[in-house]
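Same chain, two partners: chain A is paired with chain B first, then with chain C.
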Partner chain A sequence: MKPKKVSRKMNAVNRKYMLIGLVLLAPSVIIYFLFMAYPLGRTLYLSFTGWGGFGPAKVTGFSNYSKILKDKTFIMALKNTILFAVGSAVFSVLIGILLAWLNLFLRRFSGQVSRTLLFMPSVIAPTITGLLFLFIFTEDVGLINGFLRSIGLGRFATAWLTNPSTVKNAILVQQTWRQFGLVMVLCYAGLQGVPTELIECARIDGATDGKILWKILLPLIKPQIELATMFTTLGGLKIYDSVVSLTGGGPARQTVVLPMWIIENAFTYSKFGYASAMCIYFIVVVLIFTLILRRIFKGETYEY
Partner chain B sequence: MRKRFRKVLAGILAAGMVIGLMAGTAVQAEEVEYAPLTLGGSVGEINGYQENIVKLVQAEHPDIEFDYVPVETAMREQVLKTAISAGDPPTVGFYWGTRVNSFYDNGMCLDLRDYLTEEEINSVSPSMLEPCIGPNGEVFAIPITTVYHTVFYNKDMMEKYGFEIPKTWDDMTAIFARLKEDDIFGFATNSASMQDCLYGITYGELESKVGPGTSWKVANGDESVLPGTPAGDVIKECIQQVKDWYDAGYWYPGDGGINCTADDANAAFAQGRCIFIFNFSGAYQTHMESCDFEVGEFMKPTSAEGIQTHENIEPDVYFIPSNCTEAQINTAVAFMKAALSKEGQQGVIDYAKRPPSVMTYEYDNVPALLQQQIDNLKSDACIAGINPTRTSSEMQTFVKQQVFAAPCGGVMTIDETLEEMERIRLEAVAARE
Partner chain C sequence: MSIKRNKKGSAERGPYAVSQKMIWISRILTVLFSLAVVFPIVFIILTSFKNNNEFYSNIFGLPGIWRIENYPYAWTKGQLGKYAFNSVVVTVTAVFASVLFTSLGGYALSKLHIPKANAIINLFLVFNFVPGVAVYIPLYSQLIQMHLNKTIWMLILPYTAWTIPISIFIFKQFFDSIPNELIEAARIDGSGELSTFFRVILPLVTPAVATVMVFNFINTWGEYMWASISATGSSNVMTLPVGLLHFRGEYGIEWGPFASAIVIIIIPLMILFIYLQKYFIQGITSGAVKG
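The block that comes next holds the complex of A and B.
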């Protein structure tokens, strides 16, 4: 049987739909090119130059990449960034899941109030959060030290933001506080979708609340947990405003993070080429994290 | 026929009008154009003397609009360089004079000899102008006033305890120890990112113990600061002294001293919680307004009697970014001429309570403390460019934020601090070559 010939009229229709599709796609493609592809390409090019932000760019090959590996501040910034990202993600996911589960036991009105209040830290600007926690952690007139002194535990009062052994923990606390609300909302939405019959059956079979959480609820909301972990980890990797407002990278630049070090090199030291190379390293780090997270959460998902 | 004639005539008249309009526009284009005046790089609110200069400019050029772009101290260089690199420079850039070389080394400043007269340039105090002069005699910036790092003190508290102005570090330590008994801190520093206010204790020691001109060489990156070298050992001694004060709890507010904000430090001084504050001389007006006690000033003590103290002059300078348009340059030049005029310089005294850069005018209403500052500037105790923050941008960050914070906070030993300082010095020297 001979194949049916496509009429010219049909081709014109296909072309018309294709054109419509292209026109509709065009804004996204243009935006993608302008704000993603072109800056990435330009950054990659600059990473092989010694451009100072002014005048022509002189190609220096891979020298920026090799210098970065010997840069102690870069290594420290990278370690800090990973610490804050992973640490805050772990704590905020754990706290978020716990809070989401506890919210299940609340009545409608009190639950709504509770979730609203708990989500509020996520909508406050990072700079404001940093300033808020600056007031909380300040050694002399800070809230924490004032509270400790008022209950007779003044010996535990310390310079939270200056003591190298406590400053990173202070930033972790602040970062976790900012993020757990989002995790809670995501997980609560997932928990809401779990059929109550499953839980009732489990209770009839003698399961405790803890076992229900561990064996039934958590596996069923695995996609939400994965999403929350991805958000918090990748959001943590971009940490900048919080650190700038809380410690400015101090004391003695012990809390400097990678975005800060990149910006400083580019705009203060006029080393745009060097900073661009650091950006490329940063992109690789983020890609590695993304792959690790996908690997961790790979596995069965449950449908109900 | 008549209709056609009217149409042709109308066309000729219209063409004539258009040509005339264009010719008129061309004539106007030859007039000097002025862009809005954008002042970038100032910290905090606009100073009264700057407003005064703007008023002088607008008196002569009423059409010039003014916009003020404030920045944070720690972000000053970053913001200015970003704006210039992005092609959106302020009309006039404002920066520290001994560090403006980080702009002109990158080709970001115009040579002002092309825009100001020789008389105007020569009227400026040579010591203030010196850091603004390029390697080939270019004048890249103009100072309008200057500050230096100093120690303000609470005169009432000094009298109450019967203390005298300390001349040596031991005198300071004795005062601090006595005050600690009453839960009063010895000193505060302007902020965590202004530790060069304290760093000034090295200058007198370097000049005396190593040799005249050593402070300049260290600041220029020409002298090694490694432990074991003459300059390195002197700086080590100074850092050790500050660390001893920190460990003894004399530095407000105790453990938080190395991360204190400027507002905290100024408030502590005003509230009498510390007796001294290492600050820049321009903060005099802030302290006068916020303190209900009399404020005095003295230059930093030295390690032993007989050693002359020295301090770095830090002129406030204005420059024209090299990628300004012609209209912006015209406005900027008008600003600089107004700033160097008698009225502009008097405004520095009246509004900012700071020393002017043109010392040849006769000034009115000079307060006593300001006169003391002017006299200090005229003495050989104050030298421009001996602050190593001018070695490079990285050295600036290091001296301002780490040189004391790192050893005091236990992050680095003093030797490691000096090794890091040496690494930055060598990198700056290599970049220069």
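The block that comes next holds the complex of A and C.
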């Protein structure tokens, strides 16, 4: 009988702490509910209505959803969003891994300096990155055109940001510039964890630097590569700020991205129901990408 | 042993740097990429001291005359002081509120026997996948109904909310790593759960506080999308990113002062955050691992 009594007493103490705990947790839950979870539920509801901002919302079922699929700007925005996310993720992950690997060959001090420099863009607000690249890509006074003219290749100079065939690449360059340092820092942290004995043994067996990278290092830092890929891809899907400040979605909506078209429909045309349905599509796209990435990186992880 | 060792530095460099060729390839490529990163920033700094004439005629070179007056001009003409004030108030309030609430929440979920604590954390993290834009429409009308539009609360409250999932997750992880005995020992002096928490328990997770602060500061400080929507109602709630684009719209042709405005905004923060990058990376690592 005695142990049971003790455990009941413990339970009473635990219950007291649980109540305190619920009180301490309450502010976070309430604020999150009020400004995220509840509005999200409202968005889902509005997506089935034709609400225009005034009066009661009229439920229209799935008509928004089917209308959106015929919306050419939406399709273009979706394509651009995916292109920018996947394109910039691929480039920044490849460059980031390469630089993380190369950093292993540098002395401690020069390695530290280069890592700090390469990481810098990641702490600059995306709006400002867009503006920095405005100075680079602008037609008449931009850095690139000035450079091309000064080395006598002026015929390659173009209006990078208003030429439909170059503007998307400009955004990809800008987004990659922002992200690869972060990938490098994450992967470098992983590489540092690889035991040096492993590498020395491989050398004794005659492995080349390339072989060591391919057969030992990359498999061992798979978790870090996954993290970096997740971060760059999902971050890229939400790209908006830097596109606004670099191109504003132009020329002629060539670089429109999903958040841009959602905001324009909602806050310029007051098509709240329609924009809400686009938000739901957007969420689904993000979820699909998350699942795809999980799939890609599934499989054994290696311990050392 | 057939390992070829370099005369010097190989002990410092570990087992990687055995071939001179790879060392040189690394040096050249890292220098090239570093230049690619630094160049736009240096270019902006040089431009910030030029006037338009000089900018058009001499894009690359050092300014002939260093026009320091661009800086006070950008500051007053662009009303940067006002925007900076808004940004500081909004960011500092949101970050502190978030640290206060989520440290308590993370502690509660980790140590105070709340049932289904892991499920609660996972729910937060699932919601965190949702792009912010998905709640703007109802949120905007909700804030008007609360009579909070045209005040900076329109920014502070959502910003606080959006940082909660990652922050509470970081705090819970840090508290999980603290042994229960330590918490129980801290309680013994019996001055109440809250005061024990702030005097004894929270100082145990100072790195978590730093991580949450730095990570949330960077994300909140640069936020543009919601800030620009909030600012359509009133210019009194403009933050720096919004104000800067506004500045571009009005005085966009004046490249020099425009560049000065950018320099004023990025350089102090860059120096600060390069110094604190460890915490920023920790935030990403802990946030995305679970997410």
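The rule we apply is simple: the second predicted complex is superposed on the first by the 278 of 304 C-alpha atoms of A that agree within 3 Å, B and C clash if a C-alpha of one lies under 4 Å from a C-alpha of the other, contacts with A are read in each partner's own complex, and residues count from 1 in each chain.
By definition in this document, a contact is a pair of C-beta atoms (placed from the backbone, for glycine too) under 8 Å apart; a residue touches a chain by one contact, two chains touch by 3 or more.
Not measured: the values here are computed from a predicted model.
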Go through the superposed model and pick first if A:89 touches only chain B, second if only chain C, both, or neither.
-> neither
Is A:251 touching the first partner chain B, the second partner chain C, both, or neither of them?
-> first
Which partner does A:68 reach: the first (chain B), the second (chain C), both, or neither?
-> neither
In the superposed arrangement, which partner chain does A:263 touch: chain B (first), chain C (second), both, or neither?
-> both
Chain A residues touched - chain C or chain B, whichever exceeds = C
Please indicate which partner A:105 is in contact with in the superposed arrangement: first for chain B, second for chain C, both, or neither.
-> second
Which of the two partners, first being chain B and second being chain C, lies in contact with A:159: first, second, both, or neither?
-> first
Figure out whether A:136 sits in contact with chain B (first) or chain C (second), or with both, or with neither.
-> second
Look at A:243 in the shared chain and tell me whether it touches chain B only, chain C only, both, or neither; answer first, second, both or neither.
-> neither
Please work out whether A:183 is in contact with chain B alone, chain C alone, both, or neither, and reply first, second, both or neither.
-> neither
Please write out, lowest number first, the residues of chain A touched by both chain B and chain C across the two complexes.
-> 53, 140, 263, 267, 272
In the complex, go through chain C and note every residue touching chain A.
-> 1-3, 9, 12-19, 22-23, 25-27, 29-31, 33-34, 36-38, 40-41, 43-44, 47, 55-56, 59-60, 100-102, 104-105, 107-109, 111-115, 120, 124, 127, 129-142, 157-158, 160-162, 164-165, 168, 193, 218, 221-222, 224-225, 228-229, 232, 241, 244-245, 248, 255, 259, 262, 265-266, 269-270, 273-274, 277, 280-281, 284-285, 288-289, 291
Which residues, counting only chain A, touch chain B once they are in their complex?
-> 52-55, 138-140, 158-159, 161-164, 247-254, 263-264, 267-270, 272
Residues of chain A defined as touching chain C within the complex = 14-15, 17-18, 20-22, 24-25, 27-29, 31-32, 34-40, 42-43, 46, 53, 95, 98-99, 102-108, 110, 114, 116-128, 131-133, 135-136, 140-141, 143, 146-147, 150, 177, 180-182, 185-186, 189, 196, 199-200, 203-204, 209, 227, 230-231, 234, 237-238, 240-241, 244-245, 258-259, 262-263, 266-267, 272, 275-276, 279-280, 282-283, 286-287, 290
Can you list the chain B residues touching chain A in their complex?
-> 74, 77-79, 81-82, 84-85, 102, 106-108, 192-193, 252-259, 264, 268, 392-394, 397, 401-402, 405-406, 409-412
